[in-house]
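Some structures to go through are shown next.
Both of the next two complexes hold chain A, though its partner changes from chain B to chain C.
For the complex of A and B:
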């Protein structure tokens, strides 16, 4: 009992998520800076940003509904942190694993997006409202290919839990190659879920000042930032568990492999962010619906057929 | 001062987010501010990030003399920022009104409307001067804290 509580609170649970998210945010910003031939921020930068925001005064807009305004950041952070408990970190076994946790994680990861939308809508400000509606529009664009991309490997593995999928592919590593298109779609849709360039139209600070979070300040803004970085960590962990399931069976070695895998995923995401300019929201919609969704459907059908054909 | 307060004060010094406002500059100083934000000068190594919304920013970087047109807006943007907040006046015009002083439509320097923490003279200022001013402002926070203790 105490061991499992410690697992949830310390490692590989909340404390680890917090520390590792700071590390990944630093890697993200540092690599981004190096790609622009800059020196980049010092290692303690994410921590300094967070502490400063916590110390600043919170301003509640007059015409926003105060309770909702204050509750949304906490709700979205909680959802992301809960989702992390289903991702395998130490070895193949996640802290909590049950049949269907992949779907639960994907839905939990939708909550921050909805909170963003509500936050923008509730702020009653022109820019934040535009940002909120762009967030929602973008969500309609990526949600379908995202779900299909993550569920295709699950169909082939015949299991709906991340741990089960990891176990299936760890036994048959070559099958991973079948899911390559789904892996690419998962990377692109995660990029868009995290609202990072080239899909950062919802928070374009050069045109709509910063999107849905325009009115947020102080520690509520800090919670939203923490949500964004932990979402990056959770996405990278889930992608590592579902699409890169290489395990040795030894807990410590697997943990090192987990770090390598998540770093690799984050590096690819930084590469995307650093090399591409922002595309318009309608172009995002068009790209997701007319390119990624058909590929995701094809992948799903292929996996269904293979599941029958390979006699799994 | 508790440990948390110390940590927050440390974070304050290490992560000044800025927002840039043109109160009526000839655009010369604005170009230099933008220049300072380019990868060439890399302000992110001091933790400086540019923000779009005044609610997110800590430092208001103002250029130009205050005109009757921008006077209320400058005040409004300053009021929208959450405390603790700082103001840097960039360029001779922002410091005193410069060559536009006592024009029919000019109120004067930035400090005629809102309190200013650092002045950078120059027409136009160099990006190096802006970086120097920001780091001096951060260092002065250090001293203020020393006095408080």
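For the complex of A and C:
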């Protein structure tokens, strides 16, 4: 009992998520800076930024609903943190694993996006409203390919739990190659979900001054930032669990492998962020619906056929 | 929130906004993401430069004119000095012309690199922004070596230049040119291959040749529509009388075309600097200039990085000008702005504004709308005929200028 509480609270649960999110944010910012020929921040910068933001004064917009305005950051952070408990970190076994947790994780990860929308809409400000609607528009663009990309490996594995999928592919590592298109789609859609360049139209600084969160300040903004950073960690962990399921059976070695895998995923995402211009929201929609969705559908059909064909 | 009854949103961009480098106001009426109407309001940065010039003597004016623009300070002083030298009848040494030319082309390099950085920042491509601004430092360091300052180098003076270029400094310039050429070629390659960049720039902010003539747009905006209005080519001055410039034009008519024009102009600038350094003659760098100008008036044009720069001086014979008029290139490009913005998306607004390389403080003027005593209204045709006559007096036949038919 105590052991499982410690697992949830300390390792590999909340505390680890917090620390590792700061590490990944540092990696993200540092590598991004080095790619741009800048020096980049020191290692403690993400933590320092967070502490500073938490200590700042909170300003509530006059015509916003106060309770909703204050509750949204907490709700979105909670959803992301809950999702992390289903990702395998130490060994193949996640803290909580049950049949269907992959679907639960994907839905939990939709909550921050909806919170962004509500936050922007509730702020009653022209920039944040436009940002909110762009957030929602983008969500309609990426959600379908994202779900299909994550569910395709599940179909082949015949399991709806991340741990189960990992176990299936760990036993048959070559099957991972079948899911390569889905892996690429998952990377791109995650980039879009996290609102990072080139899919950062919802928070385009030079157009709508930061988008949905423009009225947020102080600790509420800090929670939203924490959400974004943890979301990066959770997405990287889930991608590592579903698409890169290589395990040795030894807990510590698997943990090291987990770190390598998530680092690799984050590095690819930084590369995407650094090498492209922000595309317009209509171009985003077009790209996701006319390029990624058909590929995702094809992947799903292929996996369904293989599931029957391979006699699994 | 400024929402109207018909559910259309008026989005204010400016006077303070992250995409604007100087204060200016754009009221964008949105229909969804589409810009339905754009109202441009400038005038937040009026500094009274012209009036300040009229209450000081010419030598003091030179310092003010140097500060008209924070980027193309040399183009403004070049223009002002040429106007002064014209009226005073000064014979400027050839070496001075070459030094002016070299500094002018270096300035064009740093201005266009700055623009490329700003433009890529507007479309969210911060990596290119950091790269170009890093490379711009090379040019700024050179300019600091030449004039002692990174922006207002104070090279020009009446009757020549104030700073000579020594042999090792010229070697440094050539060295930097080699470094820059490689990088700019890389950017040119990037501009023609990077998918997201092209997707964001192509087909937006369209200004066809007819529109360019209608709105009197100048500089890279006009050249991107195939209209060759490079003053260095159509009305050569100074060093460009001896070293011809290869004109750069483009047929895209949009923001993408303006990008290509600027990138190609940078390569041309590097070529010009190399030729100038090879051909630079020995000799004095300035002649003594008078303090007073004879009564009269003159108007000179110089190609600044942003386009045609016009200075007008009217003298009443004293050591102070009676009237100074500075027409910075951005002033000509503002007129088409609303037209360029309307019909495109909100996401395109910052880059369309940035594509004319706007300089707000150079542009803002106080305009009095009350009519003067002897007011005269000339039609376009009369003005055109008058212009052709004036040019023929100066020995230039405008009939030889290639005008693109449409």
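Note that in this section the second predicted complex is superposed on the first by the 312 of 312 C-alpha atoms of A that agree within 3 Å, B and C clash if a C-alpha of one lies under 4 Å from a C-alpha of the other, contacts with A are read in each partner's own complex, and residues count from 1 in each chain.
Methods note: a residue touches a chain if its C-beta (ideal position, glycine included) is under 8 Å from a C-beta of that chain, and two chains touch if they have at least 3 such contacts.
Bear in mind the structure is a predicted one, so any value in this text is a computation, not a measurement.
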Which of chain B and chain C A:232 touches, first, second, both or neither: neither
Touching partner for A:38 - first (chain B), second (chain C), both, neither: both
Contacts of A:296 with chain B and chain C, given as first, second, both or neither: neither
Chain B versus chain C as contact partner of A:149, first or second or both or neither: neither
First (chain B), second (chain C), both or neither touched by A:209: both
Contacts of A:240 with chain B and chain C, given as first, second, both or neither: neither
Partner chain(s) touched by A:217 [first = chain B, second = chain C, both, neither]: first
Residues of chain A contacting chain B in one complex and chain C in the other: 36-38, 127, 205-206, 208-209
Chain B-facing residues of chain A, complex: 29, 33, 36-42, 44-45, 47-59, 127, 205-206, 208-210, 213-218, 221
Complex interface listing, chain C residues touching chain A: 1-3, 9-12, 17-19, 30, 33, 120-128, 130-131, 134, 194, 196-197, 199-200, 345-350
Residues on chain A engaged by chain C in the complex (per definition of touch): 35-38, 124-127, 129-130, 197-198, 200-201, 204-209, 274-283
List of chain B residues in touch with chain A within their complex: 5, 7-12, 14-15, 39, 42, 44-45, 47, 50-53, 55-56, 58, 80, 82-84
